[in-house]
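In this document, chain identifiers A, B and C correspond to the written order of the chains, with residue numbering beginning at 1 in each.
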Amino acid sequence: MADTVYDVTTWAGATVSPYVDIGAVINQIIADIKSKQTTQTTRPGAVIYIPPGHYDLLTRVVIDVSFLQIKGAGHGFLSEAIRDESQTGSWVETLPGASHIRVRNNDGHNEAFLVSRTGAPATVGRLNSIVFQDFCLDGVNASKPYLPGNGKTGISFQSDNDAVRIEGMGFVYLAHALIIKGADAPNITNNFIAECGSSIELTGASQVAKITNNFLISAWAGYSIFAENAEGLQICGNTILWACNITLSSGNRASITSNKLLSNFPSQIALLNNSSENLISANHFRRVHGDGTSTRFDDKFGMVHIAGNKNTVTGNQFSFDVPSQNITPAGQDPTIVLVKSGDNNYLASNHITSNVAAKVVLDASTTATRVLHSATTAQLDALTTNHFMVATPS
Amino acid sequence: MADTVYDVTTWAGATVSPYVDIGAVINQIIADIKSKQTTQTTRPGAVIYIPPGHYDLLTRVVIDVSFLQIKGAGHGFLSEAIRDESQTGSWVETLPGASHIRVRNNDGHNEAFLVSRTGAPATVGRLNSIVFQDFCLDGVNASKPYLPGNGKTGISFQSDNDAVRIEGMGFVYLAHALIIKGADAPNITNNFIAECGSSIELTGASQVAKITNNFLISAWAGYSIFAENAEGLQICGNTILWACNITLSSGNRASITSNKLLSNFPSQIALLNNSSENLISANHFRRVHGDGTSTRFDDKFGMVHIAGNKNTVTGNQFSFDVPSQNITPAGQDPTIVLVKSGDNNYLASNHITSNVAAKVVLDASTTATRVLHSATTAQLDALTTNHFMVATPS
Amino acid sequence: MADTVYDVTTWAGATVSPYVDIGAVINQIIADIKSKQTTQTTRPGAVIYIPPGHYDLLTRVVIDVSFLQIKGAGHGFLSEAIRDESQTGSWVETLPGASHIRVRNNDGHNEAFLVSRTGAPATVGRLNSIVFQDFCLDGVNASKPYLPGNGKTGISFQSDNDAVRIEGMGFVYLAHALIIKGADAPNITNNFIAECGSSIELTGASQVAKITNNFLISAWAGYSIFAENAEGLQICGNTILWACNITLSSGNRASITSNKLLSNFPSQIALLNNSSENLISANHFRRVHGDGTSTRFDDKFGMVHIAGNKNTVTGNQFSFDVPSQNITPAGQDPTIVLVKSGDNNYLASNHITSNVAAKVVLDASTTATRVLHSATTAQLDALTTNHFMVATPS
């Protein structure tokens, strides 16, 4: 076996069992990698395998080497929420499984994995092509809506990074599943993130992040996807539910297409703080009433909320089905799309269905919004004359 | 090596060669796992590796543990149909390969893999996060259209299940490739299912199943995807051909987007038995005439057939090219989209091209269908006045 | 361990170190496979693992067996362009990593991997289900725009092939990253191809190729995706940038949907030589001015260029932002979509935003183009009266 291949269960250098503290073992492996890879041109990184098992993590892992691949044998999801609401005496198993890490830091930190390398200029600190793949990070104990909850974070990138990959991972019962600061071209695909406060947070600023083919199942206090100052974000082919909330703050040129979006709450997609030229196309939006309560947004906020210019909403289905007594403010018509501010936003070929009268609302401050075959005359509530309407015939 | 890692070719506990009966070996491994993992909180499951090789399966595998990952080294597809129609004397290889399992049950069962755990209540039986990845299930002998054919099934889930994964698998020459009953959030991605009767069947009822990025190549007797009572199904980014047939029976809030759909037969997507609020967007539909004959549907059935309410068809291309003598009933114009029943179905921004006169048909029973820039006046055949038309100009 | 599992670093049959010439080692492994797998029904192939490390490749690998899986532990991308433009004295690592192969042929060939098997008829030569997964091919030295550049090719398939897979791979600093001739149902997904001349080239003719969920980052001299005589190509969910250029020559029934497309140059999608019945839907197009210069196309060529019949462009966002002094020919309005030739092309529900006056142009030779809610009256430049316009209201 090449000396770049590690198995946490067999590596002879560990001073503690990985079942007792896998964090300490991985830190020791990283130290071993660094002791062997010592020049600019001899640092290919390594792969660290985590076979199926229940592992505790007491010590935060700090990753400061590029190209590290940490890989297990499955995301191992089991619904801890259903478990905690059930009589489990007769259950066969009551924990998540596969390569299952219980996040139980006793080191004063909140993260299971921190990716960070100090140094200046930024390029020195920049970390490349780190891979997290096919294992489970479990916050162990939590209650809805998980935020602030137990305050635990699964993986946090805090150094600028390029081409990192989060693939096939499971996250459960964490306040923050995945945080990436300063991301360039991260690939977040095929993960199962569920029963967490927030699923994916792209902080600082990001370039061309790609979030595809995931299950993101967050509760109502946080976000499914939160991105600040994101340029060119791609969100495609995801199933996002329970309280789908994709929020961009000053995010431009995002493409949000072909997603399945379900929520018990308003704000399924919010484009805030002058987010512009974003595309929302071919998505299925479903709004229901059920588990959880929240006063964070009322139904005037919109299933889609737009504060910015030149955004496009086309080819989507909006399906609203909430008992009228559960709509807030009481007695109001819920808003499907709110164009809150901005110029030249464009809605075309969207289909709105609802159990109650529901509206596309154009705020008084907005200009030149096009609403084309996206609302019947009765479904448009334009607070400005500065707009263009081609009504869905009715 | 951790004791949760098995290799079918090296595991000392096997009483038979995996090349003779890999089914028996995997059953023995599962028994070994169960003998070692004996409490509710000590059942992480295991990984079972299948290295490249030709394996026979004589005995059905019964999986009744969660978190099991069965993993090979490739889907190993080789077209057995082309082989069986060719002179193969000079061929280099004539079998599928990689981690290749020949399904040859001599145990009286039809399935290679049955996932089932008995017990009550349902949560006891519910199985979590089982993974089938990167191996080939081959029915060995078959003839078109493969259903009922040899009657063999690749994988059948018959207990309620959560978050299972079918990824990178190959299926060939099976009557039923993959059946999942009672699925919650299954992930079926990146598979190669070809020359089977039916590719994917979601029976009973399912929640938020995700079927993405697959090749599904079925013949004309079965289904590419069949789902009954499915809520929130996501079908995205698939290439489905030969006889693409996606059928939902009482399926609601599905999102069928960005797929490439090719067929020699009608009924590429059928929404039956009051399937409602489904989205069909950004798909490419192609209808040709070629291999195979079937009287299951005639050309009045529609490339898309809708029986339900509030469905949306937007942003699709429909490309019909069948010699007029092959259209049935003889002398009739073929139907591109048939709205068979229901209220408030919505078609917008679809492009129909055809070598013959082709129609969007609204049945007499339908109400309030919108047909917006989706047909020229000549392309609409409305059997009711209760509809709204904005014709594609011509 | 089964004898179908090889590790380049431990295989006893190698006569040279894989770090010195991994190409020679893999060729020796292939010879070993062929010596052991000698009949039509005993050729399952093998898996060859490449652990993390820096490997040189001096000798071209020739793959003439089906079902081979070559697999590493990560795409290992590091931006060599940024490196070469920076002071790297303080950088921690200056090479790509993970399973990192430096392409340094000294054998007179240009390819790192050639997939080719001679023989007649074609089915004899046809190679099935070969897999390249999760390693890095690095051209070592290059300068923009990388074509003709160092002339190196990463992987070239030159025999007809079926169901091959390119997944999770990294390519950097190559003139041609991936060439596949004569492809049937190849699966190209989840790769990171960057700083190459051309990313993906499907030559000869292809059937139902699927290109999904990739990062493709090419410079301006080549192509992101080039396909000739492609039938039924699927391009979905990719992020393509820097100089996004998808070109189809005589390509029919392609589906190009839900992609994020960014370029510093015209011709983001070109449908040439009578490419017909293709679908371009739900894509985000962004055109900026920045790195690189090229006279290959001027701004009259179109961000989308259509020469063919019955194509569909729907539900896309076009975002043009180039300083007027950088637009060519000087003083001209840039073209967003050029319908250069053909009948019955269809544009609907597209949103064009631009910092300057920008146009949809219908050439004088074109007939029956529909432009529906895709341009304001001012944005249409129709050189023929043979068209139909429903203007975006303004």
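We take it that contacts are C-beta pairs under 8 Å (C-beta built on N, C-alpha and C of every residue); 3 or more make two chains touch, one makes a residue touch a chain.
In this text the structure is predicted, and so the values were computed from the model without any measurement.
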Chain contact graph, described as a line, ring, star, complete graph or other shape: complete
Interface numbering overlap (same over half, different under half) for subunit A and subunit C: different
Inter-copy rotation, subunit A to subunit B, in degrees (Cα atoms; steps of 5): 120
Subunit A and subunit C: spacing of chain centres that average the CA atoms, whole Å: 28
Residues of subunit B touching at least two other chains: 213, 236-237, 257-258, 281-282, 314-315, 348-349, 373
Residues on subunit B engaged by subunit C in the complex (per definition of touch): 7, 9-10, 51-54, 73-79, 82, 86, 88, 90-100, 170, 190, 192, 194, 213, 215, 217, 236-237, 239, 241, 257-260, 262, 281-284, 286, 314-317, 319, 348-349, 351, 353, 373, 392-394
Parts of subunit C lying in touch with subunit B, wherever the complex brings them together: 1-2, 4-5, 40-47, 65-67, 69, 71, 117, 119, 121, 123-124, 128-129, 131, 162-163, 165, 167, 185, 187, 189, 208, 210, 212-213, 232, 234, 236-237, 253-255, 257-258, 277-279, 281-282, 310, 312, 314-315, 344, 346, 348-349, 368, 370, 372-373, 388-390
